[in-house]
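What follows is a pair of complexes built around chain A, which joins chain B in one and chain C in the other.
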Partner chain A sequence: MEAYLGIDVGSVTTKLAVLDKNDKLVTHIYLLTQGKPIEMVQQGLKQIKQQLPKDVNLRSVATTGSARYLAGVIVGADLVKNEITSHAVAALQYNPEAQTIIEIGGQDSKIIIVRDGIVTDFGMNTVCAAGTGSFLDHQALRLNMTIEEFAKRALDSDTPVRIAGRCTVFAESDMIHKQQMGHRTEDILYGLCQALVRNYLNNVGLGKEIKPPIVFQGGVAFNQAIVKALQEELNTEIIVPLHHEVMGAIGAALLAHERIADNNNGSKFKGFGVSEVKYHTSSFICKACPNQCEIAQISLNGQVLARWGGRCDIWERDPSSQKL
Partner chain B sequence: MIKVGIPRALLYYQYYPMWKTFFEEMGAEVVVSPPTTQTMVSEGSSRVVADTCLPVKVFCGHVLSLVEKCDYIFIPAVRSVKRRVYNCSKFLGLPDMTKAVIPESPPILDIDIDVNQGKRKLYHNIYKLGRHFTWNPFKVRQAAIAAWQSFLIYQRLMSCHRLTPPQAIAKMTGEIEPKAPSLTQTTIALIGHPYLLYDEHINHRLIHRLEQADNKILTPETLTKEELQSAIARLVGRAYWTYEDEIVGAGGHYLQSGADGVIGLMTFGCGPDSLMMDIVRRASKLGTTPFMSLTLEEHTSEAGVTTRLEAFLDMIHRRKRRQVKVCA
Partner chain C sequence: MRIGMPHMGNLYIPFKALFQRLGVDFVIPPVNNQHTLSLGVKYSPEGLCIPFKLTLGNLIEAAELGADTLLVPGGSGICRLGYYVTIQEQILRDLGYNGEIISVGFSQHKLSGLLKTIKHLSNNAPWPKIISAFRFGLAKLNAMDRIERIVQKVRPVEEVKGTANQLFTKAINAIDKANDYAPLKKVQVDYINQLNQVTKDDIQPLIVGVVGEFYVLLEPFSNLDVESELGKLGVEVRRTTFISEWTKFTLFLNPLGVNEKKRIHKAALPYLKRDIGGDGWESVGEKVLHAKEYDGLIHLAPFTCMPEIVAQNIMPSTKEDIPVLTILCDEQIAKPGLSTRLEAFVDLLERKRRAHNN
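Up next, the complex of A and B:
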């Protein structure tokens, strides 16, 4: 069976998706990264291999997400793509009419504006994480409940309280204040969802022309309360695709397929065997100039596979060289 | 020989050949600080108050790197170079601010450049600057004329020969021969102040990255005065800020012609930039040329810049690809 693999390694979760030659989703994997991107990519490969038929032929592999370069080196990716392009490609595959794509992940949130099937503008959160999944995770932790319970209870709210969502720190003190005023927990929870949505639209969505149909992707789309808050704020229907949490990986797989269609080169994929080997990572501070760049390197059996993190490319040019 | 230090920051990229010629004509040796490094940024940041913008912090880092390497440091206070067009207050107070935050600095040579006060006052200020080196006013006059000549050559190298400021400076000082522009399909215009566009440390080697990805780069300096003026007239009528050319003028021009995409560079917390970049952003909504602004500060992560840049280039390439498909 001919197939294409997409791997999306994000800050919080690692996603893998396999498409067949008609771009139909064969199988997908959703794992928590837990700060161990290499191990999770290996584990994901191992799990997905078991779900695929024996005669599978992976013709092309692409990686995306914030750890896309690392994942690319581990599996031998043919293509390393940024998550904005991947999400846009996947969203348009399932909803060709989409004009706005909202993607809220663990630490990143993005908006992609599409007109006539072409990306025309995009935005991404800067240093602030107040409009992302980790904001909700953090508040759920404070309220001593799981994020699933958070979403369920938030939907029971009837008079949501207004919470300042500009900053996680202020939101927290505001939330404590509202608790001490005697508001219901459900109302506070939904207030937090509304704060996240307001923050997202005011920061990431600033100056963007948000037109329906709107597609909502990423892990936070699991949270029905956020979907409801978005719907209320934008006053329109929000489409949540069936596989919203793995759309980045699906997009990468679509791009991997597109690469084969463009120039039919062989794949650099190292095979499922990479899930068994032990990669070694280390870092050092480069002393070539006063910039003091932190160079990270990944090696296998003493052989350096790749280095990065420098402001110049002296370490990246020839990773096999041991010395400068 | 007297050594005059010139920090490689802020207005260096606009006027360095002029300043160099002036001081060399006065019989001094010119010392330029090395390209920006992380150490300079950290040391510069530790001197100034927290809400100072990144370019000024970088400037202080450069001044610090020149301490004990020269007898004087040249820091002009460029108030206005065009009638009723004003400069940011940070430039106005630059010599005084530097004196205050870097007390160990060698004596600072400052000069007020303000054309609103008339030519007489300007010439008087130039003589005052020259008096540090000679009492002969004719020698100062000669040096000033020579300096102006190099400035004209410098500008011509950029606007007629399409060289970027670092390339033009290299050519004038005979360091290296600039490389010929490549013939690639995608053209990206960069707009912003020269001290952001050409400081590879601040902008995470943006030009290098774009060229590596096979793009041709256009910058504000490669445009003529007329092209910049007509774009400014169309967008805002009359310029208010001194360096409006390189943002509103260049942005307005490239959004209409010559570029497949426009990237605006600005620093976080820059008042004039936030206004000017927004004018360009609004203008971009009326046309079809993609526009993206990148905000830089010392906390800007390399990953954020990379992701945005890759997505922006993909957007342009995928659009072109589709146009080709539709035509075929």
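Up next, the complex of A and C:
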């Protein structure tokens, strides 16, 4: 079977998706990154292999997400793509009419503006994670409940409490204040959802023309209370795709397929065997100039595979030939 | 007397040539780096812009190297730059600096003021000597900018990425070493030839204009060398702002009534009717003026820069419509975040062009 693999390694979760030659989703995997991107990519490969038929022929592989370069080196990716493009491509595959794509992930959130099927503008949160999944995670932790329970109970709110959502820390003080005043937990929970939505629209969505159809994807789209808050705030229907949480990986797989059409040189994919290999990571401070860049490197059996993290590219040019 | 001044790109090279010819002791602080930035951030009010913080860092480092006369950019009516001298002097005095601080108000004094400052610094050297040294400095400035324009064209199409940048670094060093017009000319011809001979891919690069605030446009450290990053992504960068051009117009042609910015201001008129300080008017004007010729625009602005914030908010409303990516430069800017946005922006332009061609 001919297939295409997309791997999306984000700050909080790692996603893998396999598409067949008609771009139909064959299978997908959703794991928590837990700060171990290499292990999770390996584990993901192992798990997905078990779900694929024996005769699978991965013709092209692409990685995306904040650890896309690292993941690309581990699996031997044919294409390394940023998450904004990957999400846009996937959203348009399922909803070609979409004009706005909202994506809220673990630590970043994006808005992508599309007109006539072409991305015309995008925005991404810059300095603060107050409009992202981590904000909700943090508040759920504070209230001593799981994020799933958070979402469910928030939907039972009838008079939501207004909570200042500009900053995670201040939102917490505000939330405690509202608790002390005796507001219902459900109302506080939904108030937090509304705060996230306001924060997202005021920061990431600032100055963007948000037109329907609106597609909402990313892990936070699991949260029905957020979907409801978005719907209320934007006063229009919000489309949540069936596989919203793996759309980045699906987009990467679509791009991997697209690459074959442009350039069919065979794949650099290192095979499922890489899930057994022991990679070694380390870092050092570059002393070539006073910038003191932190250079990270990944090596296999003593041989450096890749380096990155510098302001300039002296360590990236040819990692295997340079000595420390 | 030992003179020190802040960095902006390679501007120290023409000044070094000028002061060398006049026999004035000129100390060059380390080129902008993380330590400079940390110094600047430590002693600056937090809300000030990155040009202020970096130049303050340079001044502190120059003073540490024994400079007893600091040249500080100033002037009035531009933007917060007008207050730089006053605040930076205060900070330097608080840190215990006792030397002289001279405000160089380029926009105000124009040529005569600058020459008078140089005369003072050179311990009253004769005018012909000053003029000759000044001309030689200008010749170096022009040579650097001529080579940089070619580097901008080679970066996106070079077969081996990084070749143009390596040649550019070598060229800058050679220009710095050239001690007269003839060797300078030779360096210029030499490196232009070498750049022209770089093996190039046969591709039609996307064209992206880089506009925005003067300092962050011209100091690669402050914008994480966005031009090289774009080059790596196969994008040809166009920039109107070059120090040599600025010098030519501000010092020589503007006083004669030739204003190169009239065209840009006129283009901005339907959306912004007046100068708003800094380079905000020009940023809007450049978008309108080049919308047809460029595929996209990178708008560079120091964080908290009011003129550029105004420009940023006007830009989406112009009917001359090209994608704009605004990048706010401050000490918080980080490469992974910038790369993700640049890659996505270039993808956007690429896909737009492909759809347009089909």
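Going forward, the second predicted complex is superposed on the first by the 322 of 324 C-alpha atoms of A that agree within 3 Å, B and C clash if a C-alpha of one lies under 4 Å from a C-alpha of the other, contacts with A are read in each partner's own complex, and residues count from 1 in each chain.
Note that in this section a residue touches a chain if its C-beta (ideal position, glycine included) is under 8 Å from a C-beta of that chain, and two chains touch if they have at least 3 such contacts.
Small disclaimer: the values here were computed from a predicted structure and weren't measured.
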| item | value |
| --- | --- |
| Clash or fit, chain B versus chain C on superposed chain A | clash |
| Touched partner set for A:169, first chain B, second chain C, both or neither | neither |
| First (chain B), second (chain C), both or neither touched by A:124 | both |
| Touching partner for A:181 - first (chain B), second (chain C), both, neither | neither |
| Touching partner for A:261 - first (chain B), second (chain C), both, neither | neither |
| Contact residues common to both interfaces of chain A (with chain B and with chain C) | 66, 81-85, 117-122, 124, 126-127, 207, 289-293, 311-312 |
| Chain A contact footprint on chain C (complex, rising order) | 30, 33-36, 162, 224-225, 313, 316, 323, 328, 332, 335-337, 339-341, 343-345, 347-348, 351-352, 355 |
| Chain B residues within the chain A interface of the complex | 37-40, 200-201, 204-205, 281, 285, 290, 295, 299, 301, 303-304, 306-308, 310-312, 314-315, 318-319, 322 |
| Chain A residues within the chain B interface of the complex | 66, 81-85, 117-122, 124, 126-127, 207, 209, 289-293, 311-312 |
| Touching residues (chain side chain A, partner chain C) in the complex | 66, 81-85, 117-122, 124, 126-127, 207, 289-293, 309, 311-313, 317 |
